[in-house]
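Chain nomenclature is as follows: A, B, C, D, E and F, assigned in order of appearance, with residue numbering initiated at 1 for each chain independently.
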Amino acid sequence: MILLVSPKDVAEAHEAIEGGADIIDVKNPPEGSLGANFPWVIKETREATPEGMLVSAAIGDVPYKPGTVTLAALGAAISGADYIKVGLYGTRSYQEALDVMKNVTKAVKDSGENKIVVAAGYADAYRVGGVDPLIIPRVARDAGCDVAMLDTAVKDGKTLFDHMSIELLKEFVEETHKYGMKCALAGSIKIEEIPMLKEINCDIVGVRGAACTKGDRNEGRIQKDLVKEIVKVCRQ
Amino acid sequence: MILLVSPKDVAEAHEAIEGGADIIDVKNPPEGSLGANFPWVIKETREATPEGMLVSAAIGDVPYKPGTVTLAALGAAISGADYIKVGLYGTRSYQEALDVMKNVTKAVKDSGENKIVVAAGYADAYRVGGVDPLIIPRVARDAGCDVAMLDTAVKDGKTLFDHMSIELLKEFVEETHKYGMKCALAGSIKIEEIPMLKEINCDIVGVRGAACTKGDRNEGRIQKDLVKEIVKVCRQ
Amino acid sequence: MILLVSPKDVAEAHEAIEGGADIIDVKNPPEGSLGANFPWVIKETREATPEGMLVSAAIGDVPYKPGTVTLAALGAAISGADYIKVGLYGTRSYQEALDVMKNVTKAVKDSGENKIVVAAGYADAYRVGGVDPLIIPRVARDAGCDVAMLDTAVKDGKTLFDHMSIELLKEFVEETHKYGMKCALAGSIKIEEIPMLKEINCDIVGVRGAACTKGDRNEGRIQKDLVKEIVKVCRQ
Amino acid sequence: MILLVSPKDVAEAHEAIEGGADIIDVKNPPEGSLGANFPWVIKETREATPEGMLVSAAIGDVPYKPGTVTLAALGAAISGADYIKVGLYGTRSYQEALDVMKNVTKAVKDSGENKIVVAAGYADAYRVGGVDPLIIPRVARDAGCDVAMLDTAVKDGKTLFDHMSIELLKEFVEETHKYGMKCALAGSIKIEEIPMLKEINCDIVGVRGAACTKGDRNEGRIQKDLVKEIVKVCRQ
Amino acid sequence: MILLVSPKDVAEAHEAIEGGADIIDVKNPPEGSLGANFPWVIKETREATPEGMLVSAAIGDVPYKPGTVTLAALGAAISGADYIKVGLYGTRSYQEALDVMKNVTKAVKDSGENKIVVAAGYADAYRVGGVDPLIIPRVARDAGCDVAMLDTAVKDGKTLFDHMSIELLKEFVEETHKYGMKCALAGSIKIEEIPMLKEINCDIVGVRGAACTKGDRNEGRIQKDLVKEIVKVCRQ
Amino acid sequence: MILLVSPKDVAEAHEAIEGGADIIDVKNPPEGSLGANFPWVIKETREATPEGMLVSAAIGDVPYKPGTVTLAALGAAISGADYIKVGLYGTRSYQEALDVMKNVTKAVKDSGENKIVVAAGYADAYRVGGVDPLIIPRVARDAGCDVAMLDTAVKDGKTLFDHMSIELLKEFVEETHKYGMKCALAGSIKIEEIPMLKEINCDIVGVRGAACTKGDRNEGRIQKDLVKEIVKVCRQ
């Protein structure tokens, strides 16, 4: 299982890199769970990250506006992101989600054939009216994405596991693998929960709080040693 | 006064070009009044348009998500648009609108210093909760944009003039000029209304229906001869 | 493939019975797509229907209130329904839908072990905020239901096929069969569309308009001959 | 004045029975103020309660769906409830409330002519859009119910007396009696407020918190001695 | 039974006066069913009306803002209205309605002790969330008003009788009389329905359409002869 | 710069008067930021205030109902207010705001030509959907008002300065002066912020908390000495 870490500035990015994270993730939390950051921030992060490591960029908790979202995905790819995450927030059905992801995939792949497209759903989508998390694998499959992902939409202390049982998550991973894609899971995951994700064959785990001092995503800061520890758990 | 025409396909774009339009505008009406089209459509239009003529691209009736919108603006610029129009739809105040436009301007100007940024408001913003049209000039000024524009949000047969008196429009143009910017006006404008806009010193007028057979934006098609006629009115 | 027909009164029920329908369905359209009818109507219909034929009863486009809905399911079963259909309308997620269906199943099976429980989703659930239709098979499986069903929530002339492609429907049927359940499909289906459903191995098709004079569910009336014709198509 | 007590499990029910409560009430608070419990819970409570004592069951804070609600009322009656309480929550007018209650009354009386039907309104109905509490007596009268009741819809610490003056409650009781029905009042009533209800000739008072240790409906548990004390006050 | 007529201009007022109407009513339909007109319109109407005849003024489909509404009631009284009608639109309960009407009554009576205060409810209040029409008599009684009135809130062709049965209306009149007040009824009433209102002892009937050419409140105009005819029916 | 103080009772009004306030302001906070008080309260305050000093009255956070609002403005003027403040809360655009203010101005000026009309906007209008604060000067100008004012709509601890930068406020004052009107600013302003307002040439500052013990608008009371201190700052 590989590790995606979401730093909030370049200093934290360096800690994550030195700690051995596999993917450095750029997002903009005030703009939403998968809020987009600005082109210059993506660019800076790409420049600060060793060539062999991937940089991921969220492009927003997106509305059902395929045109706008596709332009944003292209903007992120051009700015240096290797891994484009789209939060399917305002898309209410398989059809709407597919409509967005098909176009995003076309634009991102046109801009660089090795770029990776991630269709991200929310485990608590029912709280915001987004597309059901359990159909993300099918959306991703039919849109030609590389990764099906889950996160949480509302950051109120509830985690991925509060909204989805381990059985459902296991089925999610299996379905994603059956379609030939990778699976990423995130959502306030704690270090002691990581083995569970490994157990169900999750490919990528995303963290922030778990890599921060005191496990606190807001007040704490990412620390190299904590990242190392998590990497160790992921690799076991 | 120069003329912006919004064709819906390449054949129509050629009519607009041959008719002498100054700006060829790419949008995606099913996605909203200033709905964004896809990168490949912008690119195709840029390729179909003579070098000296400008291509404009709307990037959406945008939400208050500065990160996502800035990435989309960059995506449009990179795809070949010279003139980036942002519909300030989900931004409810001067502050929110400024927050979006400042970042868009930075990203677009970074991508090409001659690119033109247009802050577009809606004459009927009160029907959708968007920022008031009368403060667009100040938003544009403080964000460093090049053009302040008005259009209509709801396409229900009402035109720009149904929502704004000519006195208010005149004040809009004067304020925009005072701040050293250009002014663009659109919103189901008919050919016989164009002299009024010229009279109040509007710089750019945007049309579609007026350049179509039978004046019908949906059923009609853009015709070279009609474009020529409008150009003539604009130049008088 | 067997045929479920929804008459609106006893005279129509007799036409459906004589026409050879397999299941006589009681619902109350003014109360919603899967609106519940009153106990005495279910009882009358059961009495009018030959013993070997099944009577189905919808218990509503239900809210997320497991207690109330479970009591209603019991009320329908006690009134003589063999086949209890629950419209998962106000349940927004797998978890909420499961919570309702598990309790309904327990109550219905306690009241008669041969009673059949149907978890019904809406192909256009995104228009009303209900649980996604594509996860109905999993809800039904985990709640111990017998049948996974789809219908449409909004009766505005759009049909099942306007909201779901035949590929998605096929996958729906296959998934349902994989879990060992039967599959029912409905939603303004026309006679000429029935072979398509047969082709994808649907088990039960539900109709009303197709069995009415002029194909009109509101103005027309169910006719024995039309029912016979549909039965023939189902049996081919 | 007789006493209705709402235990949350069988152990508490025994305390209420031994304390001398007149009616043992089954509800399901997580599902709403008058949330319905499951058929097996009603059945168990009926079995645990001496034959001469009544068991009451709430069937929900119900929507305006006469069919579904009538089936649920029948389900509760069949499960052993003597006293069926319907919370008129989603019914917005006299007409809608009557439409629900007339059908419920028919179904319940058909299932057992001694069953008692209670039309329950909310003193704070204006907070949830339900039918006005002051017209409940007329709804109950015209639907053929036995009891007109008031409770509170939102459990935020406010009580019946915060929403209705004693003069209005007195008028409520008098009107109910004039129509030949009984009157029940509930809503976080404290033991010291019971004499006031007796004074205005209320027939049935409903409590939970007042019969719990420390007067705490959530953390406390119903105690035989407290029930006895309340019974004494009711009988004085 | 006396007759209130609502003209839309002074010419129509003269027709109503000459036709023998008892009360000349000033309202402003574009502002709502009981929309308020401007002080100068009330004043003009008062000046155009013979001294012995009453002028009525609606002060709006009012929000729950006792201060603003009380100032408006005073403004109408000062402008010459003898009869102040308050549409209890944004008040959701007995308590809120009473809060408005008590203050209005105090202000109006302070301004002239013969002024008449009318508490007006809407027969279709459930469509707009206003206080239930059946409790208007109690609100009026407890606030010290002179008249309890009903009208309709939404002017969509439905009349008073579509929302209230004659039995309920009769009970409304009787309750109002029992409290020593007068009762007024309006709501697209047709001339042939007036005897029914007389039959149930209504004191005041309000019309507009019935006094217009072709019975059309919008396209028609009030005619002396039609008013005379209605007066005749009222006096029989 | 002159000082407007908002006491909550007559005792506080006396403190404000003795402290040297220029305008004594009557409002009714439970009814909203610019909530209206009753005619008798305005009258009492006018009687308690020396002849040479002005009394101001807010007439509400008003809806878009020009008729009702105009009657209320007249009611306040007649009750003794010299200075009529209208909170443009439910008016969503320049046009709607103008529609209200033009009529209010006509009615108030008709009632006394020295009466002063204040068009008040909210710095945080975007939180409640009201007209944008930056266009208030134009509304006031075109409606013939005397003063353009800003306050805050939501009293959650945020102040005028949290919603508007000093640059925007300065532009607001300058624009108002350019149109020949006075400018008033309020919104939880602290004593130490007053010099800033003086600096930008504001004409009238409105306070309550700053004149109360402990600076607390709710728990504190207005004190003569604090008022004196603020007056001193205003006069410097």
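Just so we're on the same page, a contact is a pair of C-beta atoms (placed from the backbone, for glycine too) under 8 Å apart; a residue touches a chain by one contact, two chains touch by 3 or more.
Because the structure is predicted, anything quoted here is derived from the model rather than measured.
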item: Minimal step count in the chain contact network, chain D to chain F; value: 2
item: Co-neighbours of chain B and chain A - touch as defined; value: none
item: Same-site or different-site touching of chain B by its copy chain F, using the half cut; value: same
item: Recurring contact interface, reference A-B, options B-F, C-D or D-E [over half identical by residue number]; value: C-D
item: Identity of the chain that, by mean CA position, is farthest from chain B; value: D
item: Centroid comparison with chain E (C-alpha atoms), farthest chain; value: A
item: Centre-of-Cα separation between chain F and chain A, whole angstrom; value: 50
item: Distance between chain centroids, defined by C-alpha means - chain A, chain C (Å); value: 39
item: Distance from chain F to chain E - Cα centre to Cα centre, in angstrom; value: 35
item: Ring path (origin chain A; first step to chain C); value: A, C, D, E, F, B
item: Residue ranges of chain E in contact with chain D within the complex; value: 92-96, 125-126, 129, 131-132, 134-135, 138, 163, 168, 171
item: Touch list for chain B against partner chain A, complex; value: 28, 31-32, 35-40, 59-63, 65-76, 78-79, 103, 106-107, 110
